[in-house]
Amino acid sequence: MDTTAFAPFASPVILFFLLGLLASALRSDLAIPEAMAKGMSLYLMAAIGLKGGVAVAKSGVNAEVAAALLAGIALSFAIPLLAYAVLRGFARLDQINAGAVAAHYGSVSVVTFVTANEILGAGGLVVAGFMVAVLAVMETPAILSGLMLARRGSASDRGSAGELVREVFLNASVVLLLGSFAIGLIAGPRGYAEVQPLFDSGFKGVLCLFLLDMGLIAARRLIDSRSLNLRLVILAIAFPLFNGTMGVLAGHAIGLDTASIAALGVLCASASYIAVPAAMRLALPQADPGIYLTMSLSITFPFNILVGISLFAGLARWLAVS
Amino acid sequence: MIETVIRKRIEILVDTPLVRRVTDAIDSAEITGWTVLPVTSGRGHEGRWREERVMGTDKSLVLTISSSEKADVLVDALAPMLTSHGLLLTMWNVEVIRGERF
Amino acid sequence: MDTTAFAPFASPVILFFLLGLLASALRSDLAIPEAMAKGMSLYLMAAIGLKGGVAVAKSGVNAEVAAALLAGIALSFAIPLLAYAVLRGFARLDQINAGAVAAHYGSVSVVTFVTANEILGAGGLVVAGFMVAVLAVMETPAILSGLMLARRGSASDRGSAGELVREVFLNASVVLLLGSFAIGLIAGPRGYAEVQPLFDSGFKGVLCLFLLDMGLIAARRLIDSRSLNLRLVILAIAFPLFNGTMGVLAGHAIGLDTASIAALGVLCASASYIAVPAAMRLALPQADPGIYLTMSLSITFPFNILVGISLFAGLARWLAVS
Amino acid sequence: MIETVIRKRIEILVDTPLVRRVTDAIDSAEITGWTVLPVTSGRGHEGRWREERVMGTDKSLVLTISSSEKADVLVDALAPMLTSHGLLLTMWNVEVIRGERF
Amino acid sequence: MDTTAFAPFASPVILFFLLGLLASALRSDLAIPEAMAKGMSLYLMAAIGLKGGVAVAKSGVNAEVAAALLAGIALSFAIPLLAYAVLRGFARLDQINAGAVAAHYGSVSVVTFVTANEILGAGGLVVAGFMVAVLAVMETPAILSGLMLARRGSASDRGSAGELVREVFLNASVVLLLGSFAIGLIAGPRGYAEVQPLFDSGFKGVLCLFLLDMGLIAARRLIDSRSLNLRLVILAIAFPLFNGTMGVLAGHAIGLDTASIAALGVLCASASYIAVPAAMRLALPQADPGIYLTMSLSITFPFNILVGISLFAGLARWLAVS
Amino acid sequence: MIETVIRKRIEILVDTPLVRRVTDAIDSAEITGWTVLPVTSGRGHEGRWREERVMGTDKSLVLTISSSEKADVLVDALAPMLTSHGLLLTMWNVEVIRGERF
């Protein structure tokens, strides 16, 4: 059945996101407290980490898992290189901003992945638990290649190296995601049962409220935006289309199951707006958040939520049957 | 009545992730301390920003009291960061009590 | 059985409200973080909106619904006119403050409605889902008539008109309430099931903590208050009694079921302390929150929670049997 | 050592819902920017207030740096709002770096 | 079975605490919003209070309960006297800091108690509901004896007496704990059922996130600490060992059940880091939080969570069989 | 253009639980009002602190505008608390509008 094709727009998760976009577009004063939004993002990361860890504790690790992890790392490293070239050539961004934007597209968006899980699941495609580990390992390589590109040649002050390493590898989202993944792995299904009511049952509801806020912020940023131009907008849609397709093909090539192929596509298509911006503000303070955040959050994120996820699911299905 | 002495009060607006760099500069100027205040939104040459804690786009205001000599040392130390890191620095004279502490 | 008569005071919801009042009266330093309180109020509005929308998705819309909506709008418009006259004549408030207070009493309190739902439900009176829509449509008309009264003749600066319209019709609570109502309507029972654990199961518990905070603030405001006088206190109790009775009679006249009659009474009796104050601070900055907020939150709200709800439930039942 | 120039620092305390009106006034005075700080409670002629976010009773502090000419323009523009909207405005001289920006 | 001996380290509750300690030790920028942490602490107190009240509503009050309450009060009063002597003599703290630290060790840590409940329960030792009342009554006596010791002889300004009494007896945690205990008592199992989904099902999950934050803060404080010295560190471990043993023996002497004996041991071993610091900053502003908070939160708290609880459980069991 | 008058602006950094003592001192100095701002972290002679709301280790900044006479009264009243309570007090001249209010 083609549930994936239409169901999404009847799901509260998507509807709350649309409500947020609409409310901001109409300039309503609706706003979620910053502390609550931050708290929800931490909750979502802990919950998805736990869930993945428990799943792997059940399924165990095998060659498929290893292949997926390696593919994820490689793609996260590689995507920025191509993106950088296009950002410099087509969008004429300076080196620093091009590097910063490239890092965002190589890395991943936890919330896009989480939403994809819900939508794919509702469409009968249950994503394997180990994909959470893939999500986690894809966050940082892109930061490294992005920084390398941004700083090529220049001897800009880069703050203390230690500080940077911390920001890249001990980034709050990385630590929380990997940490709760490990906890899920250790605690296993029995330990997880204790905390399931909060982390599992409550999950979709919290995701609704969080996406309401993301919708509000995404639209508001676009309205306030000064730094975007048509070429950047085009790329913010072209990148997910291209990278997502690469991800699906890679997933197919290494023989993942259909759901996980779709998920890998979504990961590649998604652009970070939590982990990478934090790293960039520390490592590349000269880069303009008005460019990288507005592209990833205000254009690519909605595109993936409303179109990309179903698209890559369809592509993964098509590859499966053909 | 208590007698007061004149010191410099310096306030520096900086991206929250970079606060550490500013306070390190204050410490190495051997100023006795600093205090950080939250900031919620603003507008400047690079346009408008709002605190969005999920994305970490927030800024902070670092305030420090020192002798004018140490103030000059600090200002010189921060000068290179000012434009590249979009800092905003203001400085003025204030009366303090227990001046020996600053 | 007369559960409605006594049950309320054994319900945790009411008991936490009393705890808040008591703690503030004793000047305890107990306080709920502002961001958490705000977050809970948004949660409560989203939850009640969803619930109502899903209920209407099941029940469908009919003449009764239309009648209830029209009655609600009319009452919200009308109540401020009478209230204004009394505030000017009896309490001798100036035009601006009289208009501001009148707007609060014409509009409604979401939390009073929500608490009434719980208490009435516990007493066997299940309020129809469409009453949430009535709640939503009653929020704004009163703001308009209140502002009209406050500004009659005066040519005070009214900020940009657009800004005002936004504040009145795109007010955060209105948008969230109507928005989640629409989401419930679209998603229907199937979509709602996904998010029920957060928005339904968790509801009463969150209401407890929120009422704890409202109790703390209501009592603290009364203690700090300087602007209140005996006549205003009298009106803050007379208004709910009178308006609530009007609401019950109107509900009876248009032939609503007993529970919905009681609910309409509670809506008319309740005074806004979230949506209207926000609008007033923008549209009537000269009006004193020490008057309108303290009346609605510190006197009328506790009165309705502790007395009014049971009163109007009793009245509705009495009309039903007689 | 870096040379500094004198500018006016203006701070305006205002109800949060009205911040927009103040920043619009700053923009139309062609001042280059502004920054908003949170405030938690206070007392004045109209009595005590506390931030109660559910009821939206919070205030904010808007700070802006400008030349004294533009400062005068701003003050004149805000004057009518001062009493009706219960604003609190203070202004003093500060040293700034990169003075050309203000 | 000796589950208590090993199970703890497979429990998500403990694992999240370890994750917090580790993340801070590695200087990750992971942090929980202050408002959220505060909200979670209020939630935990309300939930444990309710739970205890409902339990007592079922079990009723008897001589055992009275004995436990008296023992708790006596121990809370007495412990600071001995602790003070050691802090002065062995650690050479000045009078004010010695009194402040002593107060913390005589008082109790709600979170340590709550965690003990979970761990003991998982090990088959279900703590009696009335122990929550014991927890509540043990919070304040220690504050009084601590202040008395700190101020002996000195005529330091002590703020208004009323202010102090409020801070000691109407302390936020005391009010919330006793208040929700009373609510549980009045509402009973039937009233509790309504709010169980939030306060019971969600409990362990929230405890995980809260302990994550406590781990982050505890380690960070230790790293930043300047005021601690070896002798203070030694005492921060010796105190819980000694006081906990006293508690277990007292519980055994008054004939409590094994689980409650262990719980009383944990209460005595635990040091307050919420209620008492708040009281100290008001009553003894000259005392250094760098000493009392770092000892209780950064050393004693982790020690009790990771070692103490299992230790006192073992001791209680041993007394039961011997 | 609006004429302004000179007043004292006093800012006092204090532990949040003790804010009440400072504002009481301001009230008894018969100053017309005060405003409290949040503060998130700092460093001084007694080392580093961060706002940890669960443990209540937060500080606040109390700001008040008054005539220099009343300012002196306030400073004398607070002097004893300064060291014991680790207050930080700074004071400077500012221009205000509606000077009669202060």
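Note that the chains are named A, B, C, D, E and F in the order they appear, and that numbering of residues resets to 1 at the start of each chain.
By definition in this document, a contact is a pair of C-beta atoms (placed from the backbone, for glycine too) under 8 Å apart; a residue touches a chain by one contact, two chains touch by 3 or more.
As the structure is a computational prediction, the values presented were derived from the model and not from experiment.
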| item | value |
| --- | --- |
| For chain F, the least number of touch steps when starting out from chain A | 2 |
| Between the pairs C-D and A-E, the one where more C-beta pairs touch | A-E |
| Far-end chain from chain D, centres as C-alpha averages | E |
| Most distant chain from chain B, judged by the mean position of its C-alpha atoms | C |
| Whole-Å separation of chain centres (CA-atom averages), chain B against chain F | 19 |
| Whole-Å gap between the CA centroids of chain D and chain E | 46 |
| Residue list for chain A, restricted to those that touch at least two other chains | 29, 33-36, 38, 167, 197, 201-202, 278 |
| Chain B, residues touching no fewer than two other chains | 17, 37-38, 53, 92 |
| Topology of the chain contact graph, where touching chains are joined (line, ring, star, complete, other) | other |
| Pairs of chains found to touch, sorted by chain label | A-B, A-C, A-E, B-D, B-F, C-D, C-E, D-F, E-F |
| Interface residues, chain F side, partner chain B - complex | 13, 37-45, 59, 61, 72, 75-76, 79, 82-83, 88-92 |
| Residues of chain E touching chain C in the complex | 33-36, 38-39, 42-43, 46, 50, 166-167, 170-172, 175-176, 179-180, 182-183, 186-188, 191-192, 194-199, 201-202, 278 |
| Chain D to chain C touching residues, read off their complex | 15, 17-18, 20-21, 46-57, 80, 84-86 |
| Residue ranges of chain D touching chain B (in the complex, touch as defined) | 1-2, 4, 7, 9, 23, 27, 32-38, 60, 65, 92-98, 101 |
| Residue numbers on chain C that touch chain D, as the complex places them | 34-35, 37-38, 41, 156-157, 159, 163, 213-214, 217, 220, 224-227, 273-274, 277-278, 281-282, 285-286, 288-290, 293, 297 |
